[in-house]
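In the two complexes that follow, subunit A is the common piece, with subunit B as its partner first and subunit C second.
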Partner chain A sequence: MIEHIPPGVILIAGAVLVPLLRNPAVRNAYMLLLPLVGLWGLTQMAPGTHWAFEAFGYRLAPVRVDQLSLIFGYIFHIAAALSIVYAFHIRDAVQQVAGLVYAGAAIGGAFAGDLITLFVYWEGTAVSSVFLIWASRNNAALRSGMRYVIIHVGSGVLLLAGAMLHYRATGSVAFDKMTLSGLGPTLILIAFGIKAAFPLLHNWLQDAYPNATVTGTVFLSAFTTKLAIYALARGFPGLDMLIWVGAAMTAFPIFYAVIENDLRRVLAYSLNNQLGFMVVGVGIGTEMSLNGTAAHAFSHILYKALLFMSMGAVLFRTGTCKGSELGGLYKTMPWTAGFCIVGAASISAFPLFSGFISKSLIITAAADGGHWIVWMVLLFASAGVFHHSGIKIPYFAFFQHDSGKRPKEAPFNMLVAMGITAFLCIAIGVLPGPLYAILPYQVNFEPYTTTHVITQLQLLIFSALAFGFLMRTGLYPPELRSVNLDFDWFYRRPAIMIAHAFRDAGSRTQIGFMTGLQRQVKWLIAVTFRHHGPEGVLARTWQTGSTVLWVAVLLVLYLIFYFV
Partner chain B sequence: MNDAPRDDKTYWLDDKRNVDKIWYGLLAVCALLFAADAFYHKHVHFGAESWFGFYGVYGFVACVFLVLAARVLRRMLIRPEDYYDKADD
Partner chain C sequence: MIAAHLPALQVVVPLILAPACMLVRLRDAAWGVALAASWASLAIAWLLLQQVLASGPISYHLGNWAPPIGIEYRVDELSAFVLLIVSGIGAVVMPFARESVRAEFGTRRVYMFYTCYLLCLTGLLGIAITGDAFNLFVFLEISSLSSYVLIAMGRNRRALTASYQYLVMGTIGATFYVIGIGLLYAETGTLNMADLASRIAEQPGSRSIGVAFGFIVIGLSLKLALFPLHLWLPNAYTYAPSMVSAFLAATATKVALYALLRMVYTVFESDLTLGLVPMYAMFLGLALFAMFAASTVAIFQNNLKRMLAYSSVAQIGYMILGLSYINVTGLTATIVHMFNHAMIKGGMFLALGCCMYRLGSVHIRDLAGLGRTMPLTAAALVAGGLGLIGVPLTAGFISKWYLVLGAIERGWWPVAVLIMLSSLLAVAYVWRMVEAMYFTPPPETVPEGMDTRLSMLIPTWVLIGASLYFGVQTELTVGVARDAATALLGMPR
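Presenting the complex of A and B:
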């Protein structure tokens, strides 16, 4: 029976009942049940399932199940369940409904067999997730959420326009591998690129995620960008350009991550950097690299959620997430600190942690393909990610100098969510077999070779050495209360100034026009007044004598004209 | 907010000498890892990889470059915390 319900629909439809359940414990249990039932439902679906029907002349395929969609489906369900446990203390129905609909839409998108269905879910993730930002209920979040939703709905519009052009060119809306020829696929690629936070299209991510609620950011970190990675892997595997786009993505955000003060924004930059690895995997397009993209998305969702959870707990307990105001929290939040370190080790790809067994598939695939420049960049980004995420995040939050803050340990539900996520990060790293078994293609790769373990440890430990060296010599830039300009400056400053200039010019023109008009009217009134007013020539009461004189003059003139 | 009762317990890391111990420990681990290249056969894709201690040197140089470049970048990009608040009005 459950295999006849499209994936994701259980969460979306189930969300409707959430506000009706008044008892918090019942509501939490119900919410947790939804992704678990959905996950079980997925296990009942055989790869190769394909539902299709005709509607409005299009052949739609709302559900297409294969290995690639399944692995994203599994991890989206797991991420939803973990995020829900992390949010057990929340009593805000807006966030709860938004979180469920958002997760459901992302899951549905991963199983969409045609571009129109994909579009519907694509927009679904945008309009549901923005409530996780607005739920912060402050001015910054309101504005940031507005920018976020405009950008994402815009991405959806591009996707739909691209899909229509693609349909006119090929006669099909099926969502399969496309070649980048013509405007249709180009628009679709841009739509995917916006959601995947390609360089210069990326700023919505660093703008919005740190403004979302403590629990909302954990949801957000899992779905939107990974749905885009899935869509790229489905639509554009082997597109050469993506190798370079991805390589730029791995390198460019980490410079920002080093100097950023808001630790949740640091994580948003490193999220962007990790997406770069996945995009490189899509671009290389070999079985190994696509496996790498899928595997890395899987482990990335877990460790990134874990890092956002730990920083969320810090924000929840201390009211701030700024490196300049934190430090020494390990004393009273040891569990959170420990879980954060597990997440940090995983994102840094330490042996025995999840990132090690997934990222290496992509880097090895790049080396196998002879892409040596890209390989050097990925290695640089790997060292860099350890530097700014692996060390900086735990160091500035939990260690460095003592901030004097003595917050309570994170709430129990947060600790449980972090504990399970940390367990999964380690389990995947220690036993990669089960994850490798569900990848889209057969895996012929052994991550734990002497060369790989030693070289990876060398890379990482020497990065730590660099951190220690820069700290002890005082070269390391201190955490400062500040914002750093990024590409969003262009639409947050000049664009606004231009808009304001237009508004001002408009009002000036209007004022000018009105004063001009007023002057004309005044003149008209004055002239009328002069001629017709009480003292006007035409309104004067004339004396009878002069009137007779004038009449006589007129008569004389008339006579003269008559005879002439 | 939510501060637990203040404790004046001193922790192991509060002592500067212990932080130094970690630093020297790290140096020792680095030395060992660097030397490890002498004791196994490295499987490589590119010539540079087979240089002795390539990964360690690359990691160190990469991170120092990253941080120093970011320092320069910050000088150009840094703005007061309420920079956008003013613009957004």
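Presenting the complex of A and C:
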């Protein structure tokens, strides 16, 4: 029975009932049940399942199950369940419904077998997730959410336009591997690129995620970008261009992350950097590198969620996430600090943590393919990750100089969510076998060889040494209250200036036009009302005779036509 | 043994029990008799449908007089489907009637109400089952006369004038029909529909037959409230007792439409194939007018029963539109929408009956905050409203889907676009309702207590639930409708 329900639909349809459940405990239990049922349903689906039907003249495939979609389906369900546990204390139906619909749409997208279905879910993730940003209910969040939703809906529109062109060129809307020829696939690639936060298309991420609610960011970090990674892995595996795009993505956010003060924004930059690894994996396109992308997405969702959870707990308890205002929190939030360190170790790819066993797949694939420059960039990026996420995050939040803050430990439900996530991070790192077993291709890789472990440890130790040296000598960029300008300055400021210029120049004509239009619309409504309103000609109770007249008119008309 | 006589029983059971209601006089006993008759009719209709689906059309000779001399009852898929709609609606509204009727006109002469209701049911079932053109006229009059009485029983004194107006117009309609039949009889010498069809085919181009067709179609159009012959409908539905509005809105116009389909496709089939008549252009134009004009009027109505009445005129427009395509898909849409609209509109009128019972008014002003004071009733109105718009997963969507498909099949793209646009008008009037119910605070004088009686809520939700169920599970409705449409157009299965 459950294998006949498309993945994701359980969460989307189930979200409808959430506002009706008034009791908080019942509502939480119900919400947690949805992804668990969905996950169970997923295990009932055989790979190779393919539903298709004809609609509007297109051959649509709402569900296509194979190894690649399954692994993303699994981790999306797990992330949804963990995020829900983390948000148990929330009593805001808007966030709860939005979170469920968002997760459901992302899951649905991972099983979409054609571009039109993908488009529907693609827009679904955009429109539902923006409510998680708006739920902060402050002006910054409102405006940033607006920018976010415009960019994402725009990405969806590009996707649809690309799909249409692709259909005209090939006669099929099936979502399979594409070659980058012609306008259609190019538009689709740009749409994917926006959502995957390619360099210069990335700013929505650092703009929006730190503005979302404490729990909303945890949801956000899991789905949108990983859906885009999935789409890239499905549509453009082995596209050479992506290797260089990915390499740039791993490197440039590091500099921003090092100087950034808002620790959730640091995490947003490091999220971007981790996506770079996955994009490189897609670009190399060998079985091993695609395995690496899938595995890295899996472990990345977990440890990134864990880091956002711990920073969220700090924000929740202290009201700030600025490195310059925090420090010394380990005294009163020891569990949170511990979980944060697990997340930091995972993202830094310490041996025995989840990042190690997935990232090494990609780096090894790069080396095997002879991409030496890329290999070097990836090593540099790995060191950088350790720098800003591995050390900076826990150090500035929980240690450093004592800020004097003595917040309470995080709420119990947050600790449970973080605990489970941390456990998964370590479990995957220690026993990579089960994860390797569900990867799209056969894995012939042993992460724990002497070379791998030693290389990685050397890298980490020298990176730590550099951090220590810079801190000691005072050369490290101090944590300052500051706003760092990113590429988006180029379209946000001048665009507004141009817009203002246009507004000033055009305001006079515009006002005239608008009043004219208003008058037209008012007139139209008045006319409609005159004829259709309660006392209008068409709504009045007529004389019986007039109906008879109509009968006669119709009969005469008919007879005239008939006899002519 | 009994199974062989089911077609007769379908009509005879309510006909015999109607005077029985009159005789028992006691309020609850009369209700019990009417309830039993309605449920028995539903059971018979269901058995008939099963029989037809299993072994093809049934021909029943009343009193063993062979047609064309005797009266023939003929049950094929279409008539079995309409019988199911009529008796199903009757069976669902009867449990609702008890409280509603008591509240709306006290205890006096309630047995008369049930007597008239059963006669009306008899007439409607008879129209759907008979294979004789003149017999159809008799049943048409039975159902019309009893429904004039039912409407006149409304609490508002305007019910009387509304009923009188309906009487005059209904009589004109019936007269036109009987004039047409008279012409046919003079020309062919028979009244049996099948016989008529074959004899009409023998005289192509006969002028009297053409004129007869015009009279019949216009007479029936009046009965089914085709725009602009709908003028009797809004007042009749507005001022009738709640239960009567629900019953008539869901059945009366559908049965008249059935009679039209029967006449157009079974009796005059040959004229159609020759393409002699300009009737289809007229149907198309009037249907489009109805969809837009009536929906726009509905937007501005403040009495919700009146709003739904105008929306009915618009929905009838959709049904006539499907008919004007002259293809299987369009006809399927018409037949399916007869069923779906009966569920949706019946359920919504019942919900308004709940409001009438509890609040004593169905004015939009008095329904403010209904979402809080009567949550289940308000939800029923919203679910029904979604069906009227044609939102996916509701029955209304299925009808519109086939309607659009039919238009595209015919190559009429602009019509497909117009169907979509007219749905937007439905959004407007449904939204007005939602706004009043959910976004305005309730008045402070609302009576205490949750919602309304279960005996009224359950029938409401049975119909609304059906409209949602048949929005997903379309095997029964679309399956039967498609078979019926194929049979009407005389195509091989």
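The rule is short, and it goes like this: the second predicted complex is superposed on the first by the 506 of 564 C-alpha atoms of A that agree within 3 Å, B and C clash if a C-alpha of one lies under 4 Å from a C-alpha of the other, contacts with A are read in each partner's own complex, and residues count from 1 in each chain.
In this text, a residue touches a chain if its C-beta (ideal position, glycine included) is under 8 Å from a C-beta of that chain, and two chains touch if they have at least 3 such contacts.
The model shown is predicted, which means the values in this text are computed figures rather than measured ones.
K.L.:
For A:T547, select first, second, both or neither according to whether it touches subunit B, subunit C, the two together, or no partner.
P.N.:
Second partner only.
K.L.:
Give one of first, second, both or neither to describe whether A:T528 is in contact with subunit B, with subunit C, with both, or with none.
P.N.:
A:T528 sits against subunit C, while subunit B stays out of touch.
K.L.:
One more residue to check, A:T455. First (subunit B), second (subunit C), both or neither?
P.N.:
First partner only, subunit B.
K.L.:
Between subunit B and subunit C, which one contacts more residues of subunit A in the superposed model?
P.N.:
B
K.L.:
Is A:T332 in contact with subunit B, with subunit C, with both, or with neither (first, second, both, neither)?
P.N.:
It touches subunit B, and subunit C stays clear.
K.L.:
For A:V26, decide between first (touching subunit B), second (touching subunit C), both and neither.
P.N.:
It touches nothing on subunit B or subunit C.
K.L.:
For A:F467, is the partner it touches subunit B (first), subunit C (second), both, or none of the two (neither)?
P.N.:
first
K.L.:
What part of subunit A is shared between its subunit B contacts and its subunit C contacts?
P.N.:
After superposing on chain A, no subunit A residue contacts both subunit B and subunit C.
K.L.:
Give every residue of subunit A touching subunit C within the complex, in rising order.
P.N.:
Answer in residue numbers: 528-529, 531-534, 536, 538-539, 541-542, 544, 546-548, 550-551, 554-555, 557-559, 561-563.
K.L.:
Sort out for me which residues of subunit C touch subunit A in the complex.
P.N.:
165, 168-169, 172, 176, 207, 210-211, 214-215, 217-218, 221-222, 228-229, 231-232, 234-235, 276-279, 282, 293-294, 296-297, 299-302, 310
K.L.:
Which positions of subunit B touch subunit A when the two form their complex?
P.N.:
My answer: residues 1-7, 9, 11, 13-14, 23, 26-27, 29-30, 33-34, 36-37, 40-46, 49, 53-60, 62-64, 66-71, 73-74, 76-81, 83-85, 87-88.
K.L.:
Taking the complex as given, what residues does subunit A use to touch subunit B?
P.N.:
Against subunit B, subunit A makes touches at 140, 143, 254-256, 258-259, 317-319, 330-332, 367-368, 372, 375, 379-380, 383-384, 387-388, 399, 402, 405-408, 449-451, 454-470, 472, 475-477, 480-486, 492-493, 496-497.
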